[in-house]
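Below, chain A partners chain B and then partners chain C, in two separate complexes.
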Partner chain A sequence: MTLMTPTRLVQLLVLVVLLAIAAIMHLKFGARSLDWSIVLKALTFYDEGSAQHNIVMELRLPRLIAAITVGAALGLAGTLMQGVSENPLADPGLMGVNSGAAFFVVAGLLVLPENTMAMIPFLAFAGAIVAATCVLLNAGTDPDPVRLVLSGVVVGALFSALTSMILLLDQQGFETLRRWLVGSLAFESAAARWQTLPFMVFAGVIALINIPALNLFRLGARPAALMGLNIQRFRFSTILAVVLLAGSSVAIAGPIGFVGLVAPHIGRLIFGNDYRFLVPASPLIGALLVVTGDMVARVAVRPLELNTGIVTALVGAPIFIGLVLRRVK
Partner chain B sequence: MIDAREVTDSRLCRRKSRNVHYLIIMIVLVILVGICSISLGSYAMTPIEVARTLFAATGADGMMQKIVFDIRLPRILLAILSGMAMALSGVVLQVLTRNALAAPGLIGVEAGAGTAVLLAMIVWRSSLPVELYPVAAFVGGVSVALLVAALAWNRSLAPLRLILVGVGITAILAAVADTLITYGRIGEVGSALLWLAGSLHRADWANVRSQALWLMISGIPVLLLSRHFDLFQLGNAVAASRGLDTAKLRIAALFLSVMLTASAVANVGTMSFIGLLAPHAARLLVGDRHHLLLPLAAMIGAAIVLVSDTIGRTIFAPLQLPAGLVVAVISAPYILYLLSRNGASR
Partner chain C sequence: MRWVRQERRCTSVIQITIQTLRTRLVKGVHEFMFSISGLDAYRDAAHILHDIELTIPTGRFTALIGPNGSGKSTLMATMAGMMTPRRGSLTLDEKPVSTYSKRELARLVSFLPQQVQTPAGMNVRELLVQGRFPWRGWMGGWTATDEKAVTDAASLCEIEQLIDRPLANLSGGQLQRAWIAMTLAQDTPTLLLDEPTTFLDIANQLSLLDLLATLRDAGRTVVAILHDLNQAARYADFLVMMRDGRIVAQGETSDIFNDANIEDVFGVRSRTIIDPATGDRICIQSSRQS
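Here is the complex of A and B:
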């Protein structure tokens, strides 16, 4: 078995090229379409005086970077989670991460005094971790998909009920937060990206180190243990990485669902089940999905925007159903 | 499940009478809680005053009479009736799927009904009179139920597929609802959100009449079908050998269940967990005999909604919390406990 056959390498390269194309289109299209030449010129020779260059560099480029980061984080989180739970339907969004984050953000901003919008990333991160811990403690690392999905649904419902309560008691707060609550990249801030970067890098390193373990674990927990895999450490580190990635992405862009579910499956269609390719490929695919979704969200109802989270849910949920119909008998 | 034929006669009798006692206790409890709930609120009354106003209309304080009959009584009746409808709907769905975790909220029926009403409230505001909201909810609920059932159908209705497909469809509908909530006008969205959260604040006699009517139309057939449900639960082959047309029963049960959920959604909004919680609690008390299970689950459902609504409107008074949220906060930990116990026993 060779490490990198030429075909695999080409496939990975094609993904990178596709992502680059999507990224440039993301910069070009929007409330106002720009010329290709202007986009290229803004990227290479930035002129601060030009309004169109400003649009590209100050408005669209940060958003593009956020979309790529979030997509990559979600894609990787989904792959790791499906690997460690041996469950093809696992998705970080199904762990109640999103509603946990939403609850902490709403509670933090509206109930505690003297908080500003700048606190959103911290709060979202904390909420995501709390909710994920609740679900995982409840579902354990049981491969039973129903228990995981239902625990996620119930924890999610609990947190959304608490969120709704606060929002109903504070109508003005609802007006300011209702865009964030459905996941929009329009709210991303550079600060959030820098603060979450160390966590994401750490999680990425865990993923890379765990590639052989992930491949071994496909045999099942018992054979993997017999072949010398430290199951406890593997499970703990992988789940830690998933929670960090999911928390970071919620902190940057609000709740964006189903990317973590769909990206690994597209990866499997292309590369098969080998995690040496899935781990690098699924972040690329996830980034591609979110960038495309964000573009659709901005172009579909010009000059208004749809929320990115809504677009990914509308595309991802049917794929989830398709997977259920194929995989679950 | 204990097979009754193996139990001796005297024990059977005792068990039966004890089970009937549960039902009577629940009914009395609901009435008592109802009277206490009428007495609570910004204009405080003693339960005795309430009882006097309720049962001896002559000579009572006019002010008190107005508060009791125009404001608090319809709300409490609506809580009881909608709780019954949701609990019955849950039992029927659980029989249908032979799965104790199937609830109208989990397989997308509530989301379908809710989205339909949301569309009626926000997008086509003036085209539909309020009285027809139950019809919109019913159309939405039935179409989603049929869609989920059709997608999950694989020679038979596997509960696992049903629930997972339901979760997927619910996610799509939630995205649609989110779009409406994000881009609707804030005034309409505020009231829609309140309604979605399961609120009884708009309860009046029109709601009570509509809920009572729908409960009678679809609840009484459910009670009459209790023996068929007992048979159905033994498995398709056994049920068919005893002369039960399982296909027809399935379709009838699905329609009745959706009708019950839809009427409750249209009148009080979504309260996902009643359909899961009330049947489960009732099953703990009386087991799987549906002629007792159905009415007991209905009374427990009524009690949960009534208590939740009372808590919701008094705890932060004068602000009111929707009953659905109180229900969710109370019942989610219980369901998580059930899930973890289910897993451990396997």
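Here is the complex of A and C:
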């Protein structure tokens, strides 16, 4: 069993190259298109005096990094979620993790006195953890994944309702948080990126360690237990990773939908269902999706910009329907 | 072609025998692989197993027989550590099963349950690879031993030609062979199989039972739930007869495979005759009315 056949390696490299191309285009296009030469020069010989260099390095590059991070986190979170729930349609949204994180951020910012934007990551993590705990307590130790998925849907709906309630009561707050709630990279901050980085790295390590278990778990929970897998520990660690990844991405860009669902499935189309390839590939694909989506969001209605979350939803929803129809057939 | 395969099967068996003997030399061998005493088990509120006293001899082929709902599957699941008994003791290699870690247990006992759903989008090789899970390190490194266990298991079950086929494209018999190959790749001294011959045609049933006998000859302990009484009598060295969650009879096949026990366990009348060609016992059943 060789880990990397040449074909697989080439496929992974193609993804990396595509991501690099998308990244450079992300730097070039925007409210104002820049020349290729300026983008390249700003990247290699940065001149602080030049306004165009400033656009590239101070405005677009941080946003590009945020897009890559968020996309990678969502792609990996979706893959882990699908593996652990034995449900190919699972994503962090389905588990209520995104809604929980969003609710805590909204409630924290609007209700807590003396709040600052710097609190967002912690609120998001707290929300993601609370939502995941509710889901896990509901699902109990039942090996049947249906209960896990159902309790995820219920908890997600509950937190969305609570968020709507707060926002309807507080019109002024709704105006400020409106854009954030549909998922946007326009408000990303260096602080949020640095605060969430260690958590995302930790989650990545958990994902790598769990690759053999994720593959074994494709047999189902009972056969996996027979092979000596500690189901409880596997579920806990994987869901912890999902919570950290989803919480981080919500903290940076708000709840961006569908990437967690679509990225693993594009990965499955290319690499099959082997998690040795899906775990490295899905973050690449997720990053590619969000970088491209964010570029479209900024270019489509120039000089205004759409929300990244809207673009990913517009592209993701038809793909989701396609996936469901293919399964029903 | 046929004898080439047979020969390969023999070499694999010899290699496995050497492995098994080596582990035995290191560990010492006990007469009974499993010892069960005063065991009661429940599924939710239902009391399934009553006061089970049972010993499974090491290195032999034991068949569990009994009518539907007699508790055979529950007993096997309990032996595999999938269910916790309410009362009583259950030891494997003279150590209580509950004291083994899941991984240790999976290195000693492999269990093929009756209903296993076919995982989506997996090929035969990927399935066999999962059988090595209990032996792999924390990052899942793949060693030459792992590779050899998978190839040996595939050749024993004669599925080398199917190794790259998706599981969804296999016939029922091939799929069953693939699952058994996975439990063989697990390379455990003890195999538990819940109705392995169900869904197989007669030729495949016999070749599977031959394979189990081969594994027994190679030193493994085989325990299987079988429905066909004559197959059980012919292949098993040791029989365990169950009814209503209790053990009615256990012992050497030649001692307990008789009309009285069969009538007691299954509630059917029978005549046992000796096959003039092989000397095996054959049982002919008739319903109570006739």
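One rule holds for everything that comes next: the second predicted complex is superposed on the first by the 308 of 329 C-alpha atoms of A that agree within 3 Å, B and C clash if a C-alpha of one lies under 4 Å from a C-alpha of the other, contacts with A are read in each partner's own complex, and residues count from 1 in each chain.
Everything below uses one rule, namely that contacts are C-beta pairs under 8 Å (C-beta built on N, C-alpha and C of every residue); 3 or more make two chains touch, one makes a residue touch a chain.
This structure is a prediction, so every number in the text was calculated from the model and none was measured.
Q: For A:Ile209 in the superposed arrangement: first (chain B), second (chain C), both or neither?
A: The answer is second: A:Ile209 touches chain C but not chain B.
Q: Of the two partners chain B and chain C, which one touches more residues belonging to chain A?
A: In the superposed model, B touches more residues of chain A.
Q: So, A:Val201: does it touch chain B (first), chain C (second), both, or neither?
A: neither
Q: Per the contact definition in the header, classify A:Ala161: touching chain B only (first), chain C only (second), both, or neither.
A: In the superposed model, A:Ala161 contacts chain B only, not chain C.
Q: Of the partners chain B and chain C, which touch A:Val153 in the superposed model: first, second, both, neither?
A: The first partner, chain B, only.
Q: For A:Ala20 in the superposed arrangement: first (chain B), second (chain C), both or neither?
A: Touch partners of A:Ala20: none, neither chain B nor chain C.
Q: Tell me which partner A:Pro223 touches in the superposition: chain B (first), chain C (second), both or neither.
A: second
Q: If we count contacts the way the header does, which residues on chain A are in touch with chain C in the complex?
A: 1, 3, 88, 208-209, 211-213, 215-216, 218-220, 222-223, 225-230, 268, 272-274
Q: Residue numbers of chain B touching chain A in their complex, please.
A: Touch residues, chain B against chain A: 101, 106, 151-152, 154, 158, 160-161, 163-165, 167-169, 171-172, 174-176, 178-179, 181-183, 186, 189-190, 193-194, 197, 272-273, 316, 319, 321-322, 324-325, 328-329, 332-333, 335-336, 339-340, 342-343, 346.
Q: Please name which positions on chain A make contact with chain B in the complex.
A: Per the stated touch rule, the residues are 89, 134, 138-140, 142, 144-147, 149-151, 153-155, 157-158, 160-162, 164-165, 167-169, 171, 174-175, 178-179, 181-182, 257-258, 304, 306-307, 309-310, 313-314, 316-318, 320-321, 324-325, 328-329.
Q: Show me the residue ranges of chain C that touch chain A in the complex, using the header's touch definition.
A: Touching chain A: residues 80, 82, 101-107, 110-111, 113, 116-117, 119-122, 125-127, 129-131, 133-134, 136, 138-140, 142, 146-147, 150, 186 of chain C.
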